Each structure stands twice: as C-alpha cells, then as structure tokens.
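Each chain carries a letter (A, B, C and D) given by its place in the written order, and its residues are counted from 1.
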C-alpha cells in the first residue's frame, strides 16, 4: 500500500503545530477522482483555521487549505469529465455546482469541515474539479479556487459591475489583486487603497486607475468621493470588514453595491446609511463551479496570469503562513508540492 | 386671487407647533398639474419631520406629508397625461420616473426638501402623479405613495419574493400590512410578528400564514427558524432597524435577502453574519413612478383595498399624528380634506 | 433474480407498437436510487416520441415517458437525501441541478435519449429526484416533472411574470392549465383561449380572468388587445408554435415576453415584429431541479392540486396516448402503476 | 426674426428629393433647450426613411436624422441640467429616460414621427440630451445616439455579455463596429464576419479576436461552431435579419442569446430551434437615456473613439446617404454642420 505525505492541523499550536503525516493513498469511489497535487495557494481563511481550528468546529487532525491544483491520477466509476493525466484544479466547495448558495454547500468546503489539499494526493468529486486553463501553471491555477473566484463573484456575478463602472478595491491581498486584474480586463475603472506607496505603484502597473495611500489619507472615503465627482463608486469590494465598512458605505454612490467578503478587523456598524443611500450590501462566499468556469474563460480569453508573490516548497509550508501573518505580500502565496 | 388652506411646520413645537396658513392658489406651469387634494395619509417619516424639521435640513415654513390624492383642477402647458377632473395620487419623489435611484431623486421628495400635500391645492409634476385605480377612494389612494410602494419595493422588485417563497414581516404598521396584502395576492407565505394578540388575529384575517407574539417569544428568530424547518425565511421586510436587524439576520436563510426600510429603534449591528450567510441587505427608499404603476395594477387586478385604521378631518390633522405617536394603529392613518 | 414489467418502444408501429417486456430489477449504484413507480403522466413529447422514435434518434427498445412518481425501494452508496420508503418524483433531466441550461443537460432526458419511467422499477440519480409534496398523491406528483415545471419556467423564472401582470395562455393542455393554476396563486391576471366553451368554463372555474373562444374569434389577438386597453399582455405562454406565434406577437405589449414551449403546428414566422416591438422570445425546455423544488414549495404553500383528466391502468397504457391523440383532454392524463 | 437652414424630406424622390429650407429659429419652452447643431451621423433607418417616408407614416415635410451633437444656445424655463455653451448630444427617443421601453417611447423618436436634427438649430427636451464626453468631438459624439447605444444595448444591458464570454458580430456597419469596440474594452471575445478581407483586417486591428469572410465561408455558422469548440457563441448581435437569423440560431450555444436589431434582408424564420436550444431572441430598439449615460462613461473611462469612415459637409448631405447606399463604409458616416 502506497502512502502520501500530508500536513495536518492538530487543533493547537497554530502554524508551529502543523505536522507532516503519512496516510494511505485512497482509491477513487464512484464519481470521484484521485489527484496528484502539484501546488496549493493559501488564504487568510487557511491561516485563521490553523490558528484556531476549534473556532471552526474542527477537532482532531485535519488537512488544511482549500486551494490546490494537480494531475488526475485515477478516476472512479462513472466519471466522464476527466481522465488520468488531466490537469485539474479543485473547487472550494465540493457541493456547489451552480445556482444560489444553499445549506448543503457549507459542509463541503475543503480545508474546513472536510480535509483540504495540503498533501500529495487527494480525492475530489467529479463536480469538485475543473480543467486548468491551458495558459496557466499549476502554481497559477492553485491561486484561483478561493481568492480568484471570490474576486470574480464580488465584482461580476454578485457586484454586477461592468464596463464603464467604477469599483473601489481595498488593499493588495489576493482578492483585491484578482479584482484589479478582472476589472482591468472588463473595462471597470478602479480606485485601490493601500498603506504602501510601493504596493500602490505595483497596483498601478496592473492597471489600477486611481490609488490612495490610506496612511496619508485617513479619511480615504473623502478622497474616493473627490475622484468620483462627489457621487461615490458603483461598487466596493469590501475585504476589510467592520473597521472599513462605514467608510465604504460613505464612499459608495446612492443605489450602489458593496460586496462583503472578509471581516478581518471586526467591529460593529450603523445600518442607517445602508437604508438612506439605498445601498445593497451582499455577503459573498466564494462561488459555484460554473462561475469558476466563467472566471477561467475570462482568464483564458484575456491572457490573465495571477500575481504570485512567493512560492514555498511543500516541506517548508509553515513559511507560507508566516509570510501571510506578516501581511506584507502582494497577491498570492503559493506552496509547490 | 383665491387662497388655499395649508398646514405648515414652523421648525419648532412638534405636532403642537403645526399651524394652518393661507396661501395663494398657484397656477400650473408647463408640465405641471394643479391638484385639489381630497385626502392625505401619514407615515412615521412625516411625524419625525414635524418633530424635528431641522434634522432634515428644513428651515422656515414647510407643508408636511408626502402622500396625497385628489382631483386635477387645471393642467399646465404640454401636459398630455392628465385633464381637469382626473382623480390622481401624487408620487413620493417628483423626480423618479423609472430605473435605479440616483442623486437627483432625493431632493424631490414631497414633505421634506420641498413642500408636501397637507393642503387644499398643490402643484405636482405631470410625471409626479398617477391615475387612481378605479376601485379605490381618495382616502385609500392616499395611503399608497410611501407605505404602499415601499412595501411593494421591499417584497417584489427589491426583495424578489414570489409565489412559493416565505417572507417575514415585522409588526403591523403601514408597510408591514401592505406587505401582507401584497404577499397574500402573490402566493408568498408570511410570518408576521406583533406584541399584540389582537393585532396578530387581524393579520391572520388578512392572510398571514403564521404569527408570532414577540412579547411572548423574545427570541422570535428561533420561532421563525422552527416555522421554516430550520432554514429561515427567504426574505425579511425589516422595518424595525438595528434593534431587530440581528434577529432578522438570524431568521433569514443562507443566501436570503433583507429589505431594510426603517431604523426606528437605532443601534449598531455586527456585519459578520451578513457575510457568513451570504445575505443580501438592501436599503429601500420608496420607489419610482413606474413601480407605483405596477403596484396599482396589482391592487386593481386583485381587488385589494388598503387597510385604514382611522380617518381624521383636515382641521383636526394634529390628531392624526398623535395617533401615530401612540403606535397603536393597524395599517394606515388618513386625513380627509 | 426479480423482474420488472416495462412498456417499450420498438421504433415502429406508434402507440400500437408499444409492447410490455420483462427486465431484471437493477441495483442502485453509487449516487443512485431504485424507485418503485406508482404513477406516470404523459406529455405530447411522449406521444410524438412513440409515434416517431427515429426522429429523436432512438433505435431499438426504449422505455417511454419522462414523468413518474413512486417510492424509494433502495439507495446506492453515498446517497444522503433519500431513504427507502420516501415518496419521490423524478426530474425530467437527470443532469440539470441548477443554473442555466447547458450542453450536458439534453442527453439526460428521461424517455428520450435514455430510458423513461413507464415501468415498475427504475434507477434515478440522487440529484434526479425530489420528495413529493405532502399534499399530493403519486398520480398528482407524476404530472409535475414536464408540464408543471415547464409552466412554472414559462411563467415565473423565464417569463418573469408576477402579481399585477397579465399573461396570455393558449389552450387547455397540461402546460396551460398548470400555468393557469400558478398564475391564480401568484396574482397574475390571465386571458385563456380554447375552441371549446365548456373548456373555457372549466378554465374560469380555475381562476382564468378572461377567456376567448378562438373558433368564434379567429382574430383572437385583437380580442386580447381589447382586453388590455390596446396595450397587449405582458407575457404569452406560447405552446402552439409557429401557427399561433405571429398572433402572440401581435397580442403582447411593447417590451413584452413570449415563452416558447412547443411547436405543435409548425410553420415559419416573420421576425420583424420581434424587433419593432422590442419583444423577448425565449425558448423554454422544462427546467432544473432547484426550480422544480420552488414549484413544489409554491404548490404546497398554496395547496394547489394538479388537474387530472383521466387515470389509466398500467396494462392499458396505450389508451392514455390515444386520449392525448384525440386532444380532447383538459389538464393531465395519468397512468397508475 | 432669425432663420435656420434645414434639410427636409418631401415624401418623394428619395435622397434626390431632399431639399434645404429656411425655418424660424424656435424659442425653447419650459424644460427645453435650443441646440446649435455641429454634426449629425446617419443610420440605415435615416436612409430608409428618406427613401420611403410614407412607410413610416410621414406625410409632408420632415427633417431627417436622429443623431446630432452641438452646443446649447439657450435654455427654457426650469432647465437645470444644461446652460448655454454646454456641448450636448441628443437622445434618439426624447421620451425614454430609464427603465423598460413602453408605448409612449416610440412617438418621440427624432427624425421619424417628429423632426430630426439635419438642421442648424433644434429644440430638445432637457431629458432628451446628454453632455458630450470630454474626449469626443462633435462628429464623434454624433455617432452615438442610435448606433452606439444600440450596440451597447445589444451587447451589455440586453445581451448580458461580459468578460469571458464570446459574441458574434455580423458585418462592419455602425452597430457592429461599436459592438466590437465595446466588446474589446469589456473583455468579450468576438467573432466578426464580413465579405471583405480588407474590412476584416480593419476589424482585427480594432481587436476582433476571430474573423470570417462569409463570401469564402457561405456556411459561416459552422466556422463559428469550430471556433467555439462546437458549443456556439454566448451572444449574437444580429443586425442582418431573417436572411442571417437562422445561421445565427445555429451559431449560438444552447441557452444563448440573440440581440435582434435590424431586418435588413427580410424573410421568414423557423422558430423551432429557438425552442430546442432554449435561445433568447430579444428585439432591441436603441435604448433609454440612462443607458446612454452608461455608454458615455464606458467610452470616457476606456478612451474609446468612434470609428468614422467619412465626414461630409452640411450642404452636401445627400452625398452621405449615397455612401451609405453603396454599403462600402466601415463604421460611421458623419455630416458636419
């Protein structure tokens, strides 16, 4: 019996507590594929899960990370979409094929309620994987399932932004940088914030139309209004949470939208302005498989390559999370397997 | 020169400070109609404007009330939609004909930034009035512009509810009772809350499918979950504001919607659950004229009559606001002129 | 080994050529359920498939009928939604869970490219069945998968009709009668046509607001315009095809919609009016599983029972098709097994 | 009293029958603006109106052309959006501000039921004009009201195409070339057809991803399927009408859309495939004013300049129509005034 190497959370010790274990390589059941993983990318969610697994209801060993790409090793009975040798990327939710989110989606999230992909081999459902766009490497593809799809959902399917509109992007993490790239390809004007002039310069080189250093402009929402003739933006991709949400509300136009992804900074908000300005605030949680396929089409047709900040070896995986903890990265941190 | 009687806010004294004045009857300019008003209805907004006009930026005399119905007395140049003798109801916003809300809509709200309709004659824009459905009296029609259209917007165009869905309605004020009537006609199942068993009984007679006395069930959101097999409702018409909003968030299903109308009770909220449950929270501010016309079609086709709690004479108008202050009413309070 | 009875098409002989055969009762594989069928309903599609199987690319034996309901006998590995004893109804397409139609949907239609349900036992995919609403019998549930869902899709999800709108329904076949029932529950005003005054009377008793005998009024589109103040209806549920399509185009309002289901009568059309009147003509092909679930919610919440014209025994199944051939039925023809 | 020069149709004689007349310069009434026109562009509709005014119900003199741009000379009472000196472009429909098309829109089309803009001065409604984007000349702005907005409506608001999708564009007339430019800015992949390799080369230089010479490939729909892995395009911008419509139906994917603009070539179609492939065929008739404003935002934000093939002097206006009659142009033909 052959074995695979996997990193597992033990429920304590945070990043330092991660340990590598051996597991038997599983056989794909009906409707499943066995994937030889080649790369992972990491998200804040993965870091926070590792740091506090109990808060997510995880007890005992759990393989972290939702995002992985690799090669199909073997397919189970009835699988028609994939064959051995195919390059595939997993979907964040194994049970969300299409349509609106529903109760059964949540328990199928990789690297949370079920094992993730920080390992050499894993089983995915046939409907829980997609072909990798031809122009992307495994490392690039591994950045898509959570951050890439979230950015797309926030901007396009959820945020309903399109050519001629203006979107506000907060910071230079994975979601915001993907949003910048998708916006650029879509003719959506962007205003992007960061505390670092160097990062703002990199964002401009990716096509950000306007940038604001929020260290210099603590009231950056006023700056946003200035840049939009006093009207405000059509859409905010809100990754900061309650700490920034009231500023985002101030920065969006009457009748505008806010796609709410992360609540990094905590805190409360006053809903009055949501009502007064007829704002739509929509919680976004990754997205379904067919939306991921549309993202892939967009990346392929427009020759977009994800922005990778660092590539770390599998045996040094802890280092990847430490980079994320420092929050100094621009775009995605990847682990190669 | 002929004069009209009008009630005006003086900026102080609240309801007691209202006074009746004489004004010249104006002549309709191009694109305007002169309306002989026959009825008004009142909303919390009107009461709060009277009690604190300065908070709305109103200085000096202002005629209150957004909602009025009457008869066209004379039409200005170029008016083609109306003739003298037509029964008409005004639109809350004089400048919102169709499509999404925008910056120019707000300054055209009757009874706020511009004079309202608590008077014998008023000018409306041609695009700021609609014919009264044939089956409705002036008193009934006067209930529609704010509460009726808000309920429709919350439920139908904004809330996207329809046959087979379940909506949660809070209380028995004008918006909630209209929402109940529209839901009943639309095949939308409702769960309605109140602190009064007698009001709940009246709501049931209007078609409420399930009712909850929130005095008896302080954790009424748990009761809502029970009544929806643990899933939660598709839509909440949230008229209570921050005090109830977190309960509404708990009571709505994953991927559900909350139409946010009023912030009666104040307070802050934690946006985390908006994100975790992929909820859409949408601020609703009355609605455009063509939506009002669709509401009227629905009322006509389904023979719906608004629920009127009390009808007060024009000279006793202060009494109407005092009824609203006591919050004991069920449905709408109307002033006949 | 146990056997089941099944009716099969042989590729010739039409209804007379149907023959009953024995087959082994299959075992459910992973993700499959074995259903003991209790009822079928039939559709024109089933009749036309039987009469000309080759036109649908069917060679050799094929069990007809897409629509069946029964009891789960046994579930395969990994099935979580169903247990033995559950009352279930199949979905027309075994591969359409949610979201827009796509290429992989078509080959999964029961009773066409794959075997249907005119038999005692059949395998369905877990995602190819739904629980039967508690208030419905097997016979009633069996009417839903094709005609019921098509009517819903034409009217609600595709046709975007809702309370206050007016829909034109053509004839009294299964789709039109379901559409009448759904429209009634939804507050949608209907105008329904038939060549029989007796059928029109029955339609009125189901809630049809206006009826037109198209024998008496050959130019029934003019009658529709009269009944809509010259504007035309918001939506046509067009089951007649090219023979009636130009009249439907004339009867719909500027900017209105036509949901196109069947092309019973053949013929060509001039697309000019589609453009001139800004009409949306949308082909509707049954619908996805989650839409079926929404239909079921609507039926349950509004206590709607499908209209069944005749119930035929399994061994007399040919008789059911003969009734449909005569086109004298009102609502659905059902086979009990 | 000052006079203006205007070209008028006399109801006969086609292009040769156009004659220049003197008219009094009108005064703007309430809600109107007087515009000193600087440029017109022409559309097939204008040519066909001139050639057969009676077919459009035009009797007597009528100024042709819907599309014009100029400078506000004077504003009427109550006008707040414009002042003398503003650069403005007219809207095709003077009565369509926002929302869906309705019966009152049609009678307000410039250059058809009411006088158009081939003249030195004209009155427009305040809501029948928009500011010219700063980066555009009068000649460029004059190309937008009909062809530019139609292309946008076909592609974006009506066609619902966006980044990652593929659109089929037919020919190199004004609408198709605008659609190409908007698609390019929006990340929409295009396949464009023409009978001329030279025009195809120009289309490629504008960003067309794939081009097909339909002279060489009479069955160009098969070529489209090849270029889309056999699936078909997401959207067709169908400007050709019945002659090409059946090919467009063959070239679009299951569940795809066809925006139908022109019926240049006449003929009938078989609606069967609309149904079988679940296609949405939508008639598009220019669009409302707020959609035009969104188009202008998109042009500004992405620095798009319309493609102008020829600029003809006002006194030689007949020459512009003769160029269009020859159908050899690429993009728009403009008249400078």
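Assume contacts are C-beta pairs under 8 Å (C-beta built on N, C-alpha and C of every residue); 3 or more make two chains touch, one makes a residue touch a chain.
Note that the structure is predicted; figures quoted are calculated from it, not measured.
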Sort out for me whether A-B or B-C is joined by the greater number of C-beta contact pairs. A-B
So chain A and chain D: same face meeting same face, with over half the numbers shared, or different? same
From the mean C-alpha coordinate of chain A to that of chain B, what's the distance rounded to whole Å? 41
Check each residue of chain A and list the ones that touch at least two other chains. 100, 102
What residues on chain A touch chain D, complex-wise? 156, 162-166, 182, 185-187, 189, 209, 294-302
Give every residue of chain C touching chain A within the complex, in rising order. 29-31, 77-78, 97-100, 102, 288, 290
Chain C to chain D touching residues, read off their complex: 100-103, 105-106, 231, 241-242, 245, 253-255, 260-263, 268-285
